[in-house]
Every structure is written in C-alpha cells, then in structure tokens.
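What follows is a short report on a single structure.
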Amino acid sequence: MSTIFKRASQKAGLSPGTLIPVGTRTDGKVKISLWEYNEDHYQEKVLETVKEYLPSKDPTTVTWINVEGLDDTATIETLGNRFSLHPLVLEDILHIGQRPKIEDYEDYVYLVFKMLQREGKAILIDQVSIILGPNYVLSFLEQESAVFDPVKERIRNAKGRLRKSGADYLAYALIDAIVDDYFGLVEQIGDHIESVEEELVARPLPNSVHGIHILKRQLMVLRNAVWPLREVVGGLQRGDSPLFKETTLIYLRDVYDHTIQIIDTTETYREMVSEMLDLYLSSLSNRLNEVIKVLTIISTIFIPLTFIVGVYGMNFRYMPELEWRWGYPVTWLVMIGIGVGMLGYFRKRRWI
Amino acid sequence: MSTIFKRASQKAGLSPGTLIPVGTRTDGKVKISLWEYNEDHYQEKVLETVKEYLPSKDPTTVTWINVEGLDDTATIETLGNRFSLHPLVLEDILHIGQRPKIEDYEDYVYLVFKMLQREGKAILIDQVSIILGPNYVLSFLEQESAVFDPVKERIRNAKGRLRKSGADYLAYALIDAIVDDYFGLVEQIGDHIESVEEELVARPLPNSVHGIHILKRQLMVLRNAVWPLREVVGGLQRGDSPLFKETTLIYLRDVYDHTIQIIDTTETYREMVSEMLDLYLSSLSNRLNEVIKVLTIISTIFIPLTFIVGVYGMNFRYMPELEWRWGYPVTWLVMIGIGVGMLGYFRKRRWI
Amino acid sequence: MSTIFKRASQKAGLSPGTLIPVGTRTDGKVKISLWEYNEDHYQEKVLETVKEYLPSKDPTTVTWINVEGLDDTATIETLGNRFSLHPLVLEDILHIGQRPKIEDYEDYVYLVFKMLQREGKAILIDQVSIILGPNYVLSFLEQESAVFDPVKERIRNAKGRLRKSGADYLAYALIDAIVDDYFGLVEQIGDHIESVEEELVARPLPNSVHGIHILKRQLMVLRNAVWPLREVVGGLQRGDSPLFKETTLIYLRDVYDHTIQIIDTTETYREMVSEMLDLYLSSLSNRLNEVIKVLTIISTIFIPLTFIVGVYGMNFRYMPELEWRWGYPVTWLVMIGIGVGMLGYFRKRRWI
Amino acid sequence: MSTIFKRASQKAGLSPGTLIPVGTRTDGKVKISLWEYNEDHYQEKVLETVKEYLPSKDPTTVTWINVEGLDDTATIETLGNRFSLHPLVLEDILHIGQRPKIEDYEDYVYLVFKMLQREGKAILIDQVSIILGPNYVLSFLEQESAVFDPVKERIRNAKGRLRKSGADYLAYALIDAIVDDYFGLVEQIGDHIESVEEELVARPLPNSVHGIHILKRQLMVLRNAVWPLREVVGGLQRGDSPLFKETTLIYLRDVYDHTIQIIDTTETYREMVSEMLDLYLSSLSNRLNEVIKVLTIISTIFIPLTFIVGVYGMNFRYMPELEWRWGYPVTWLVMIGIGVGMLGYFRKRRWI
Amino acid sequence: MSTIFKRASQKAGLSPGTLIPVGTRTDGKVKISLWEYNEDHYQEKVLETVKEYLPSKDPTTVTWINVEGLDDTATIETLGNRFSLHPLVLEDILHIGQRPKIEDYEDYVYLVFKMLQREGKAILIDQVSIILGPNYVLSFLEQESAVFDPVKERIRNAKGRLRKSGADYLAYALIDAIVDDYFGLVEQIGDHIESVEEELVARPLPNSVHGIHILKRQLMVLRNAVWPLREVVGGLQRGDSPLFKETTLIYLRDVYDHTIQIIDTTETYREMVSEMLDLYLSSLSNRLNEVIKVLTIISTIFIPLTFIVGVYGMNFRYMPELEWRWGYPVTWLVMIGIGVGMLGYFRKRRWI
C-alpha cells in the first residue's frame, strides 16, 4: 500500500507539469493503436510513433488513439500538444496514484478510472485515463490489456449503435467495458467468501482468521476504487459534461446502475466478512468452553478420589479403618458414590 | 449471493440492448394475461401469444398486460416494439439483478421492484418490472405469483376506486400489493427472532450463534431490497413523474408510509439481533466463569489436603507423628479445618 | 414487536379505505366527549352517539371532539363524513401501527403521535390521532387516558391563553400534553439505569446482563417513537401548516425544544447502557482472571510439593534418604523453601 | 442525570408561562448588578431590588443587568415586564434543563448557554441566559460566578474595543468568556486522561476500568453541552440575528473557531478513551494468558512425575523394580528426563 | 495533547487582539526574508528588521515576506500595520492552536495550515499562516523550515509558470509545498504499519498492542490535521476567494486531489490498524486455547492414572489384588489402556 506514496513523494517539490512516469507497473513496452471509423467504414492501425498520425478533418469520423504502456513520455507529450491538453492532465496520466475522477476542460473531458485484478492475496491496480474531445477519444492504459477487446470487436462488426454514434458513445463503451470488468472480480471474491464460510462452519482453524483478514483487505481496496467511480459516473449520467449527448446519457445511466450494484455488493460482502469474524470468534469461545469443561469434569471427579486413596496410604500406626475386614470394599463404594454424584451434578448443570 | 454476479459477468462484453434472460429462476413457462377495463365493463384474457393483442384506442380504457415468466424473449421484444420501449428497458426486464429503481422515459415510467420469499435459511428474490404509460400498465414477473390476486379481484368486483381511476391508480395498486407482501416476510422474521431469543434466554447452545447468523443474513438481504424501495416510492409520492395524477399521490404517500414502516422494523430487528449476539457471548462468558469456578473450588480444597496425606504416606524411618496415638484423628481435624477455611474464603469472595 | 406486523398483514390485500380497527388494545368501550368553548363560556358533554352532535356555526367557538376507544367504527365513519375527512385518514386512525407523522389535507391537518407506558419489561404503545381544522379539533385515543386532563382543566378554569385562542392553540396544548408525558417515562428509565449501574458497580451478577438488555430494548422502542416525533413537531414549528397561526408557532417551538431534550436524553441513555455492558463484560473478565489466579497459586505451590512427598512414599528397597536420621525434617525444610519461593515469585509478579 | 427530568416532570401539565424556578442549584441568594457605560464614563451598581432601576434613554449608553441566582422570581418577572420579554423566555430562564439555543424575538435575542464544572466524578452544569436588546444586555446565572470578571475588568479599564462598542459587542464578550471557560475543563480532562493512560501502561488494575468509565461519562456530558453550542455560535457568526452588527461578526467567528476547537478536542478525547478501554481489555487478556501459561507449565511437568512416584508407592507384593539395586536412581533419571523434555517442548513453543 | 489547551487557557480572559505568542515551539530566533520578483528579475533579501522594508509600488511585482519564528511580536505588529491586517489575524498567527482554516477579509485572505513531523511516538505539529493580498504574500512559520525551498528554487530559476504569474500562484505554490510534505509522513506511517503487521503475523507479542496503539494515535493526529485541510483547499479550488484567478484554480484543484488522496490513505490506514487489533486479539485467543488444550490433555490423561496408583498405595490389611501374582502388570495394562483411550478421544475431538 505504502508504495503508492513512495512514488508520490519522489515527485514532491517538482514544478507542476513536469512529465515523469511515476510508479507504473509497465514493462517498458508501449503500444499505440489508432482507430478511425464512421458509419460506413473503419480503419485500424498500430502506430510506431505518434508523429505519423494526422488527425481526421471530417467531423463525422471518430478517432480513437489507445496507448498501452506509459513509458514513452515523448509520445504522450506529442499527443498532448496535438490535442492541446493541459500540462496537469499529462502529468496525471503518468502519475498513476490518482483517484477515479472527472475533470472538465471545456474542449475535452479528462476521466481517470481504475482496473483491479486479483493476484493471490494482493489486488493489482491499473490506472486508465480517457480523454473525450468533440470527435476523438484518447485512452491510456498502464500496460497491454484485453479490457477493450469487446469494444474493438463492435467497431469491426459494425453491430449495435457504436459505429453510428459519435465519440461520446465510444467513451461510454470504454467506460462500460471497465465497469463490467469489476463484475468478474466481485464474483471471484464472492466465491472466496463462500468457501471460507463453509470451512468456518465445518471446522474453524487458527489460521481461518488470516483468510478473513485477506478478504477484508481486498474488499477495502475494491471499495476505495469503486466509491469514487460512483461520483464520476454519477456526474456523467446527470449530464455534467456537455460533450456527452442527450441520447448517450441513458446509456450512462445504465453504467451508473451497474456501479451502484457493484458498490452494493461490495458493502454486502464487507458486512458478511465482518459477521464471519464474529462467527469465528464465538466458535473459538465455544471450543474453549468445551475444552475447559472436559478438564473440569475429569479433575473434579478424580481429585477428591485421589485424596481419599491418599488418606489410606498414610502410614500412621493407629488407623483403625486399615484393620477392618471390609475397609477396602467400603472405600471403593464411597468413591464410586462420589463419582456418580459428581456425574449427576454435571448432568443437572447440563455439562454432559 | 455470488450467483447474482455469475449471471452478470456472463453478459459482460455484449453490446447493450442484447436480449438474453439472465439468471432468472423461471421454469420455462410463460403466462401472459390481458386485462382491459373502464368504469362500466372489464375483460380478462389469457393470451397465447402477444401478437393476437390489439391495443385499445379508447383513452378511458385501461389496459394491463401481466407477463409471468421471462423465458419468451420474443414476446417481450414484440411488446417492446408495440409500446416503443427503449432497448435498455427490455434488457433490464430480463436481466434480473437490478436494484429497485425508477426510470422516467417521458412517454412511460419504468419501475423495478423486488419480491422476497423465505425458504429455510435462504431468501429468494424475484424481480418485478412495471411499466406505466398514459393508459396502459405492463408488468413482468419472473414466475407465476399470487401477489397481484387482490388487485385482480378488485377489477372484477368493481369495488373501490380502481375501476373508476386511470392506469396510474392501477400501477399504484400493483405497487401497494408488492409492498404489502413484505409485511408477511417481516412478520415471519419477527416470529423467528422471538423464538431464537426465548431459546437464548432459556439456555444458550453452541449452535445458537448459527441461528443468529442466519437471521442477520436474512435481514441484510431484506434491507438491501427495502432501502432502494424507499427512494423509488419516495420519488413517486413527491410527484417526480407526471404520469401519476395528483389524486393518486395521496395513495402513494400511504405506500411510502408502509415502506418506511418496513424499513423501521427491519432496522429495529437488525439491532435486536445484534444485541442477541451480545447476550449470547456474555452468557458464554458467564458459563465459562462458572465452570472454572467449580474447578477452582474443588482443586483448591483438595490439592492441599492431598499434599498432607501424601506427607504421612512417606516412608521415612524417623517420622515421629506416625507413632503418635492421636496422629491420625488430628490429621483429619487439621484437614477438615483447612477444607472449612477454604469454603469460608470462597463464601467471603461470593464464589459459592 | 412482531405483533404489530401480524395486524398489518391481516389487512394486506384489502382495498385502501376499508375501515377495520387493526390491532388496537382497546377493551370495546368507546367514550366520546365534546367540548365547545370561546373566551366567554364553555360547554362539556359526553356524547352517547356522534349523531346527536351539531357542529357550531360560530367561527370564534372552538369545538373539540375527543374519542377514547376505537371500536365504534360507525362513529368514526360518521365523523369522517361530517368533517369530510379523506378515507385514508380514517383508515390510519384505526390502523394503529402508524409512525408519528403529519399529513396536510389543505382543509385540515392530520397528526399521529404515540404515547408510551412502561409495564414491567415491556413498553406499551398507544396511538393518538389529532385532526386540526379551521375551528375544530378531533382527537382519537386507543382507550381512556388521563393525558389530556390538564388541558381540560385549563378549559374549565379559563386560565392562561387557551380559552382566548383558536383551535390551533388547543391542538398545541394537546401535543404539549403528549410530549410532556414522555418526560415521566424517560425519568423512570433514568432511575432504572441508575439502580442497575449501582448494582453493577457493587457486584456484577450473571443476570445483570438481562437488566441491561431490557433497558436497551426499552430505549430502542422509545427512540423509535421519539425520532419521528422530532420531524413532526419540527415541521409544525417551522410553520409548514397554515392552520397554525404565527403566535402559536412560538409555543410549538417550545414543544420542539422539549422533543429535542427527550431525544438527547434517550441517546445519552443509550450510550450509558452500552457502556454499562462494556463495564459488565470487563468486570466478568476481571473476575475470571482472579479466579484463575487463585487456582494457579494454589496449584503451582502444592503440585511440586505433592510430587516430593510422593517420591518418599515409594517403596524401593534401596532409598538411602529414608534411612537418614534427619530425612523427614530436611524434606519439610525443602518443601517450605519451595513454597516460600513460589509465594515470593507470585508477589514479584504482583499476583498476590 | 435523571434528576434533570425529575424537575421537568414536576412541571408537566402546568400552563406554559407559569414562573417557578425548576431544579436550580441556587442557594437562595440573589445578586443583581447593573452596569451602564459608554465610551466616556461607566457606572456600576449592586441593586437591592430591580424596581429602583430606571433604564437609560441615551441610545449610545449600554446597560447590562447581571442576575446571579434565580430564586427571586418577582425580580425576573419585573425585568420581563420592563423589557417586554415573552412569557416563554422567562419560563426558560428559570427552567434550567434547557439545551444551549438561540431564539430570535425580533426586538431581542434570547441565548442559553451551559457552564460546566468538574467536581470529582461528576460534572456540574450551570445554565446562563443572555438577552441582547438594541442597547441592553440581561444575563442570568444560577449562582454567583467569576466567569464574567474579565469582562467587568475591561469595562472598568476602558481597554480594548468594549467601551467603544455597542451592546452586541458586550454580548459577544460574555459569550467569549463562557466559551473560554470550557478550555479549563477540557484541559483538566486531558490531564486526567494522560494520568490514567500512564497508569494503564505501567500496570492495569481491575479498577482502572472505572477511571475510564468516569472519563467517558464526563466527556459525554461535555459533548452534550458543546455540540448545540456549535449550532448557536455558528448561527450567530453567520449573522442570523440583525442585532449583531457586521463588525462584531468577525469576533463571533473567532468564538466559533474556539467552539470547533473544543468539539474537536472532545471528540479526540472520546476516541482516546475508547482506545484506552481496548488497551485495557487486551492487557487483561495478556495477563490471563500469562497466568494460565504458568499453571500449565507447572502442571504438565509435575502431573506425570507424580504419577510415576505413585506407581512405585503401590503395595503389590510382586513388583520387580522395587527390588532392583538401581531402581530408585533410575526412576530419578527418568523423571529428570521427562521434566527436561517438557521444558524443551515449552521453549520450542516459546512459552518460556 | 492537552498541552495545546494549557496554552489556550493561559490566554483566557484577555481582550481579543492582545499579541502574545502562545505555545509555540520556537527557539527565540526569528528570520525574516523578503522576495520580490516579476517575469524579468527577482531580488532576495534577509531583513534584520521589518522596518527597513518598503513595499513595491509596481502592481506586476510580487512581494513575498517569509517570517520563520514567531517570537518577535513587534515585527508581526509592524507588518500587521503596514498591510492593515485585522487584530484577530495577528492574534491567530501567534496563537498556534488554530485549526486549518480560511478567512476572507476582502482585501486579503488569511489561511492557516499545519505541518506534521514524526518524532518517535509523537507527532509534532507546526502552524503555517499565509496571507495573500493583491500582489503580496506573507507567510509565518513557527521555526526555520525547508518546506518552501523548492518554491524558492523555482523563483531563482525562473522555471515553470511561477515568475510569470501573480501572487495567487505563489500562494498556490506554497500550499502545494505544504500538502506535498504530508506524503512523506503518510509514507512513513505506511511503512511502520507494514512492519508491525509482519511482526504480528510472524508472532504476536504482548507489547505488539502498544505498537498498534501508537499507530492509531498518530493516525488520529494526522486525520485531525488533514480533514479541515480538505475544507480549506476545497473552498479555494471552488473559487470562494476572488483573489485567486481563474487560471490558478485548475492548479488548486490539483492540490485538492492530493488532499483527498492523503485523506483516503489515512482512512485506509486507520481501517487497517483497526483490523490489526482484531487480528492480534484473535491470535491471543488462539494461543490461550492452545495452552489450555495442552493442560487439559496432560491433566485428563494422568489424573485418573494417578488415582489408580493411589488405590494400590493404600495400606488396608485386606486388599486381595495386592497379593495377586499378576496384579502389578495388569494394573499397568489397565493404565495404558486408559491413556490410549484418552488419546483416541482427543484425536476424535481433533484436539491433537
């Protein structure tokens, strides 16, 4: 967790707008792909460098530049110049510790999202930046990802409204793809919760608490990513930004519904995990009670009996009972009586 | 719980508006019934297929199409076309993981509700979609249900205001029927709480905690269904939608009161169940204390006595006490004295 | 608790406006009393039936009809017709599971309040409905009650502003009487809290937790009744209803202050009771610690000593110590040394 | 605590406006002092009775009447008449269970504050009422107090803005004095928290929990007094009341800052005390663990050894070991071996 | 903590506006530096006394006076007069117990911030006051600090927008420097949390709880400093103050994002630390369970056996078993049988 802040503090003190990629998990590779489409045709290119790109003059043609990998700051700067982006936007694209947010710069909207991925105990976080202009969309991912594949497929197939609509619908489609991606993670966590819970009901182990702990931590990360998402998508669907057309707002409302659903489930899971901890602790108490009951039953039965046999193990010269003919069997009877009495007492107390 | 999200993620990546029923519990049967009525007469039909239906031209006649079962997507699509519903509405009708919500599409209002049913430990959730247009109401249930029977009866009997009022009053009547349905569930849970509590006061068992746990889980599901209901009905009664007439708003305020009552009771129950857990845990502690007190009393009385008899069981050649005439009885006296002293100490400490 | 919902679900499915008294605790007796007064004279009658009543035509005369007992639905219906009340109002008067609320019907205001009464562990809840019209007040109680006696006295005595003011001041006086009634209950609970707390500090008993539990439950009921009261009286004092004149609003502000005070105290009491539970649980832990310390001290002192005397109780033929002249006293010295050493160790650890 | 409500319920049922001092801690003595000042001169008198007072006609002269002690209802009534105060204001002055509040009566503002004083475990609460009119201030205290002494000093010395400003600045100065008085209490509680915490870290005692409990209770009382203060002063500094001039608002903002600071510290202290309870409970658990570990170590070492020596204490005729030459020393070796093995096991488990 | 209030109460009772430095940690040294710059040139001076300073008449030149050390009240008063600051502002600069806040005095804005520094268990708090006028900035620190060094560097280097922009951009740069300073602290705490957590998972020690306790306390201080920061910076970026130009607001939005990020992380850390406490307590319970299980296993096996050997240690004259040829070996067999049976029972219960 604290690694996020290591990055941030590395930059502390620099003039705002200085372009240094901060804390990304990228592997040095950068892939820039260009899509241009309108209702009738589409074109798909992988750009070696962003300089070869000449933007379309036709206002009905939508241009989408998708940058995967943030290591090539020159490219990002060039893009920034061509689309006249504010220096702070470029800085935020590279500085991956942003919260999901929406920033309106009149000519374009800058959106930041998070993508989450579960890897063992940890949850990896990738930042996605989307810039929506009048007829273009720029998107920046930390590394190559399949998250936008369904959107690409829909551009290729010309199915649905995508090819017939403007850049704002493309932006919606990308956001929708990112939000849909959360469902998989939520589902995985749900399955994990179910399995931990079954284990807990069957037989609580000392290390069950660590499983609960990891779940809690993952849900915390998820919630931190998803709550600001709600504000962002909520703002969009209320029509805060004029770049999204009226007809697209209905679709954004749908994305908003999904976001709320993810939040609801996250909160429900958090509550379930908290209850699992309660369940675990009370089952610990129950087991302790049981162990101590066994100890007490055995001890309270045999300790008095051991005392009695000790008495007749004493070596006093004058102990009349020792000489009696029935001393030994009578002692046994007394001891059995005491044992049975104790058992009766425990049964009355419902310990047995 | 996580099954909800399995369904959702099955669809992830499809173009919005694709009609696939997602995650419904329906059994494949679909029943479509048509009601047409005005103040003077009414008509009730079961439709084989929705194509045979021709909508009424008379603006004073209310048309109600009630679809039970969501497996026949063709029918739903046909209805969607005839009533010019937005593709996202049709998608949401089929995709049953929606939250209760209200969506205003100018010509009609789309409402989503949940119906809950208790089955053992689980709570089954059914989605109800209601579409209110100027003089028609469409309702979609996941499977056949008796929930709307009282409304049907009132159409047949022409009792009350229903036949004299418009489609908005019918929509109100359906919503009222759904909300009234919650009272039964809340009552069941209330009875269950009472019985678990009585058991708890009488004698806490190790598995009482599971009963509490199930109650908590059920109340969580109930709350998740009921809180968004509040927003929906609250929005309606404030007159957010122009399709509801002024005179109907007073009735919606009544439904809203019921919703608040259900929420209040749910929250009260949640608090009661939390306290039951506290009660249970403190009774566990009490029992542990008691068991350990018994162990301590028995041990601390007999352990010193066993030591004493051990002393006179030693085989030293020179142990003067062993030769004494009154050694044995004096030892008994000493031991009785110690025992009585211990008991006195315990009584002083109020352990006995 | 769940009985409230039994009643509610009995009615589920009936057309709204059907008049059936639901769940009232009344004993079948109904008492209707009529008061008419202005500054100069007043008149007080017990009505056999409401039909004999002819409303005053004089706008300066205030009419107050107080109905105690809800079993005579015919009377209530007649009153409803004469004062043209909405059917839902009549239904709510009879259906006693309402929350405290205010409903404005232009010609009149409908107010619902709760009166609480402590009976052993339970808190009994009575519903009071007040209808304020231009120059009349109707009030409905579940059964005969002394709560309005001070108001009646003030009408008779013509003391204070009551006789000089309109129907809105009468309504204020009734509300004030109801709110003042809460102080008694709050005071009783406060006394109970004090006594449970003293008991707890003196000596926590296993069943103290039940006393705390009952207090919690009662405070929960109280809070549920009092929080909506705040909204109702708050709305009134802000002048939401035009039927209350400007000069009366200052008095309603006073009632509002009282309501806030009751809420504050309730919340304070809830916190105090929660802390009492903490106190109780930590005192349980302390007692457990103490018991176990005693057990440990006795055991750890005597168990090694018992081992030693056991050693010299063995019957080996060749045990040189047994033959020594000072074997027995030396053994005693060793054992006393061990015992004193143990005690010193415990003192160092501050167990004694 | 409940005593507050005893008072309140004594009055329940009386007509509003009846003047009876309710629940004050006054000793019967009443001291009325009169201050009149403007920029040039000032005058300070102790009044025997309020009747000798003739109010100043000069609008630039500020009149301050400070009443210490509430037992002389006649005086308060006379003052009420002279300054035409509403009967409810007079009632609230005498009825000391008010919350801090602000009430605007157009011609004057009525303000209620609380002064707190720590006395052992309890916190004593005094009510201060301040009435600000166009050129006069009335203040009512439950008993003689030094809280306003710095203000009096500033009137006498003509230092600062006080003598140059109007009645609203005097009211500000009084409020400021009351709020500053809280700092002392907060500081005392802070010192107490520090000392309890040091004691807790050094060595938790069974009755430490009572110290924590008292702190919690005191902080609860403090918070109850201070939160409504925030609303009152917040309302004043926003300029809710036209009697406070623009130039005075900046000073009230300063008082508001102090109030927020007191609230912040109170909340911080509450959190600290809650954590102290956690710390205490976990240290209890630790001690229990340690005690039980000692018991277990001693028991598990000696119980098997005691068994062994018991074996060779048996009196069977045919026990070959007893006759062996090295039986006794070998038994010792075995027993030492078991003991050392046990110790090794405990060390491995890190119990020692 | 309470030391803050010691200072405050020292001043209680003084007339507002009296200039006494309250509670600062300064060492008596005061350093005043003056910066004047515009796009073309800049000048940097250390002032012996503020009297030698003559403010620039040129509106495009920005003047920044940075005072490090608050002991020289005369200087602060002189500055106050030259820039016509309100007496309360001067008082607040010296009185270091302020909350972060923003106060608008039309001609200038007064801003208060906190700088935090970790020193062992404690967190030291320094107050920074910034006054922004039309073309000047005054800043007051409690002691010499390197926090503004990057800003000074940027003035010297004329890099970035700083030299080209007005006083508002300088104020932004100072605020940005202060906020960036928090990242280092947050990072340190994050590292500490990680190390405590690793220790906890490896092996919980009795004093781990103190580590958790210190973290909680530090996070509490951090949160108290950072939450009001949010309001202050949030107000600035919304453009509450006209002294900040439109173009600077975008940069303030960036600072606001950083603030939100710090708050998010602080809250996340608080949650993580709470969970660590749960983890610690449940691991304590687990260890207790284990210790008691060992005790129970050993005791329940050997206590009955010790009883048996005690039986045959009795000295009754008539005990037939003692004479039997196979009495001793049969007793061994019986005892081994009991021991094995017990072990089997424990294995069935899964204790071993």
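For clarity, chains are labelled A, B, C, D and E in written order, and residue numbers in each chain start from 1.
By our rule, contacts are C-beta pairs under 8 Å (C-beta built on N, C-alpha and C of every residue); 3 or more make two chains touch, one makes a residue touch a chain.
Not measured: the values here are computed from a predicted model.
Residue numbering shows that chain B and chain C use the same positions for less than half of their mutual interface.
One inter-chain figure worth recording: chain C and chain E are separated by 42 Å, centre to centre, where each centre is the mean of the chain's CA atoms. The mean-CA centres of chain A and chain D are about 42 angstrom from one another, to the nearest whole unit. Centre-to-centre spacing of chain A and chain B amounts to 26 Å, using the average Cα coordinate of each chain. Among the residues of chain A, those touching two or more other chains are numbered 285, 288, 292, 295, 299, 303, 306, 310, 313-315, 319. The touch graph of these protein chains is a ring, one cycle where each chain has exactly two neighbours. Contact ring, oriented from chain D toward chain E: the chain order is D, E, A, B, C. Taken in their complex, chain C has these residues touching chain B: 1-2, 4-6, 8-9, 12-17, 86, 88, 97-99, 101, 103, 203, 206, 209-210, 213, 216-217, 220, 224, 277, 280-281, 284-285, 287-288, 291-292, 294-295, 298-299, 302-303, 305-306, 309-310, 312-315, 319, 321-328, 331.
Contact residues of chain D toward chain E in the complex are 149-150, 154, 159-162, 176-177, 180-181, 183-184, 186-187, 190-191, 193-194, 201, 250-251, 253-254, 257-258, 260-261, 264-265, 268-269, 271-272, 275, 278-279, 282-283, 285-286, 288-290, 292-293, 295-296, 299-300, 303-304, 306-307, 310-311, 313-319, 350-351.
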